[in-house]
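Letters A, B, C, D, E, F, G, H, I, J, K and L name the chains as they come in the text, with residue numbers starting at 1 for each one.
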Amino acid sequence: MKDPVYKLIELTGTSTTSVEDAVDKAIKRAHKTVKNLSWFQVIETRGNISKGTVHHWQVTIKVGFGVED
Amino acid sequence: MKDPVYKLIELTGTSTTSVEDAVDKAIKRAHKTVKNLSWFQVIETRGNISKGTVHHWQVTIKVGFGVED
Amino acid sequence: MKDPVYKLIELTGTSTTSVEDAVDKAIKRAHKTVKNLSWFQVIETRGNISKGTVHHWQVTIKVGFGVED
Amino acid sequence: MKDPVYKLIELTGTSTTSVEDAVDKAIKRAHKTVKNLSWFQVIETRGNISKGTVHHWQVTIKVGFGVED
Amino acid sequence: MKDPVYKLIELTGTSTTSVEDAVDKAIKRAHKTVKNLSWFQVIETRGNISKGTVHHWQVTIKVGFGVED
Amino acid sequence: MKDPVYKLIELTGTSTTSVEDAVDKAIKRAHKTVKNLSWFQVIETRGNISKGTVHHWQVTIKVGFGVED
Amino acid sequence: MKDPVYKLIELTGTSTTSVEDAVDKAIKRAHKTVKNLSWFQVIETRGNISKGTVHHWQVTIKVGFGVED
Amino acid sequence: MKDPVYKLIELTGTSTTSVEDAVDKAIKRAHKTVKNLSWFQVIETRGNISKGTVHHWQVTIKVGFGVED
Amino acid sequence: MKDPVYKLIELTGTSTTSVEDAVDKAIKRAHKTVKNLSWFQVIETRGNISKGTVHHWQVTIKVGFGVED
Amino acid sequence: MKDPVYKLIELTGTSTTSVEDAVDKAIKRAHKTVKNLSWFQVIETRGNISKGTVHHWQVTIKVGFGVED
Amino acid sequence: MKDPVYKLIELTGTSTTSVEDAVDKAIKRAHKTVKNLSWFQVIETRGNISKGTVHHWQVTIKVGFGVED
Amino acid sequence: MKDPVYKLIELTGTSTTSVEDAVDKAIKRAHKTVKNLSWFQVIETRGNISKGTVHHWQVTIKVGFGVED
């Protein structure tokens, strides 16, 4: 069996509703160009505020995927 | 154009339901006295437990807002 | 009044739906063997990905509880 | 029951005798203007030195207190 | 001699030219309301970009000042 | 000679008087069930406040001890 | 399918030869009492020195394993 | 309105004159291939030394930009 | 003389034998597409466990390389 | 007026009684060879344990002092 | 070819004008006694304030240099 | 019995073969001038790359040793 090598990229997903939705959106977008996304890790959770309510949740994640030989 | 200066304050919001609701409550409360809240950053997520379930989510955030001249 | 001593254990809860549900599951499981769980702190939020969507949220928490004399 | 919101402020207390006394002095001073201080967390412990002995312990803490509705 | 107590506030200064200018602007603004600012510490250096050049340097600092008795 | 293996557990000791006493109390309690405690490391120092004075120092430590073969 | 819950324990393995051997020894020892160890993460690498050479590598790891229902 | 997704890349800019110039050079270079760079964050500031003076400032930044749909 | 700009990418190499071999494998793989790799930095060392022994060392590194003009 | 330059050295003081005493001992020892010690910062607090009580507090500090021209 | 060994020392340079000048001053001073300084890394940027403007930038750096055989 | 005081110095060892060898080389070199080295802690692991393979492992350690009275 081979020893796999993975690449990690960093993305910020945004959502007006939740942390989970922001992460989902980042992963869905990355999946358009990289099919074998394998895991993610939340790096930072921020957001902007408009009129005293959260406008966009901004969640930065690292996403790992195997690089083919 | 002027170079704005921002102040950051630190708040802990609490909620019996979710991380997002705890953040919302902290921001809503701050909005009562500061109208131009601009962004936030999650610093820490904790909670207390009662009878084996989360009683209160306690989410500490930094909130930034422009200070007028 | 006595000065209590607490023990902290580290758990990773998983959920297909949300960060909150992953934490709940870890706490519920710990409650089966330790009745007086008192507080928790989120240490890390990760997850695995399957076909471009989050498969499992994996949330690592520290949970504190009083140790009896 | 309501979900409380807390504010955190950062203070540096100083003392010629001990870490504990420096923290006490910071909290006593804050108590003059904010009555419902609830908890603190030590952020950093420093000090200045005079003639080869500690002159002032300088202990920086975050102090949390509930903000009324 | 008394043991002084200090308060720390967090500010983000901005500047189109340099890190130093962003810090200066934050301190000058704070000086309008607090006269005895004593020291600062750089917490984070960020910026926004417009057409491939830095538009605003955004430098977040903690500023300490003695609180009177 | 054998290569020892150690286990680390995390405890929060509390005390109304000092950081040192809070650590002592955590270690004394652990010693009731584990005899060969070997070293500790302070992880976090917090406390709760009552009427403007520290009520309980809460010091979280990691404690290491050799696990027998 | 069920959502698994994992427990993490912290161990320090030691070895006179290498980082890898120290980790192996910690994991082998833990395997005596917990059969389904799943992953580890290196937390800290230290060692003691005797006569100008490394005597023991001391590698602290967190080890995760599934807790049964 | 859509929820944007951003990608973050990490670059080290160098300059014989200043931190600001090192950041500018990294951003200018990235702008050649990515037009909509949006923000940056300084990660680390290092440099090499030649004959007792700074030869190159080496400033590592994360740069974020929106990824199109 | 020109001021070089570097790009950093993050990779996880894996190996059944050692930390060094895991790093080597990540760098060898990256070298297939980027010829002028210049330096690396170890970010995290993890691994998975099978039957009480390390199955794969998983070492995450940042790798830097000069970007041509 | 000249711009002073400071050197920082790292020391671990030990004491059977308290954190403060361990710091004092480290500073007193350093004062034997460096007269103008100016400030210190606590880096880490550890200790060894003997028969269920703290044997030595081990407090690591950075100490700064001006270097003469 | 030999494998070099480097020593790192920590210095705080100060300047009334800029971060870069503070670093330069620390390196120039170190160069008086150590000729082969090789690289530096910025650890912390602080300063003191006088009458609402920065009086001294205080930049702490680690400086590395090869130790001869 | 006396309370010992320790000094910590920071070194970067290098090796073409392994992390362990780089640490050994740093400690051996320090042992030439300081005989009672007592312990070390790995701070950072980096390396430079030549033609797609690790040229030098560069491991930065802190080394502690007792200072005589």
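Heads up, the rule we're going with is that a contact is a pair of C-beta atoms (placed from the backbone, for glycine too) under 8 Å apart; a residue touches a chain by one contact, two chains touch by 3 or more.
What you see is a predicted model, and the numbers here were worked out from it, not measured in a lab.
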Contact-graph separation of chain A and chain K, given in steps at minimum: 2
Pair in F-G, J-K or D-J that repeats B-C, with over half of contact pairs matching by residue number: D-J
Copy pair chain J, chain K: interface residue numbering same or different (half cut): different
Mean-CA-position distance for chain J and chain E (Å): 30
Euclidean distance of C-alpha centroids - chain B vs chain K, Å: 38
For chain A paired with chain H, centre-to-centre distance based on mean C-alpha positions, whole Å: 21
Junction residues of chain E - those touching two or more other chains: 9-10, 18-19
Chains grouped in pairs wherever the two touch, ordered by label: A-B, A-C, A-H, A-I, B-C, B-D, B-E, C-F, C-G, D-E, D-F, D-J, E-H, E-K, F-G, F-J, G-I, G-L, H-I, H-K, I-L, J-K, J-L, K-L
Complex contact set, residues of chain I against chain G: 17-19, 44-49, 51-54, 57
Touching residues (chain side chain K, partner chain L) in the complex: 3-10, 62, 64, 67, 69
List of chain J residues in touch with chain D within their complex: 18-20, 23-24, 27-28, 30-31, 35, 37-42, 63
Chain A residues within the chain H interface of the complex: 9-16, 21-22, 25-26, 29, 56, 60
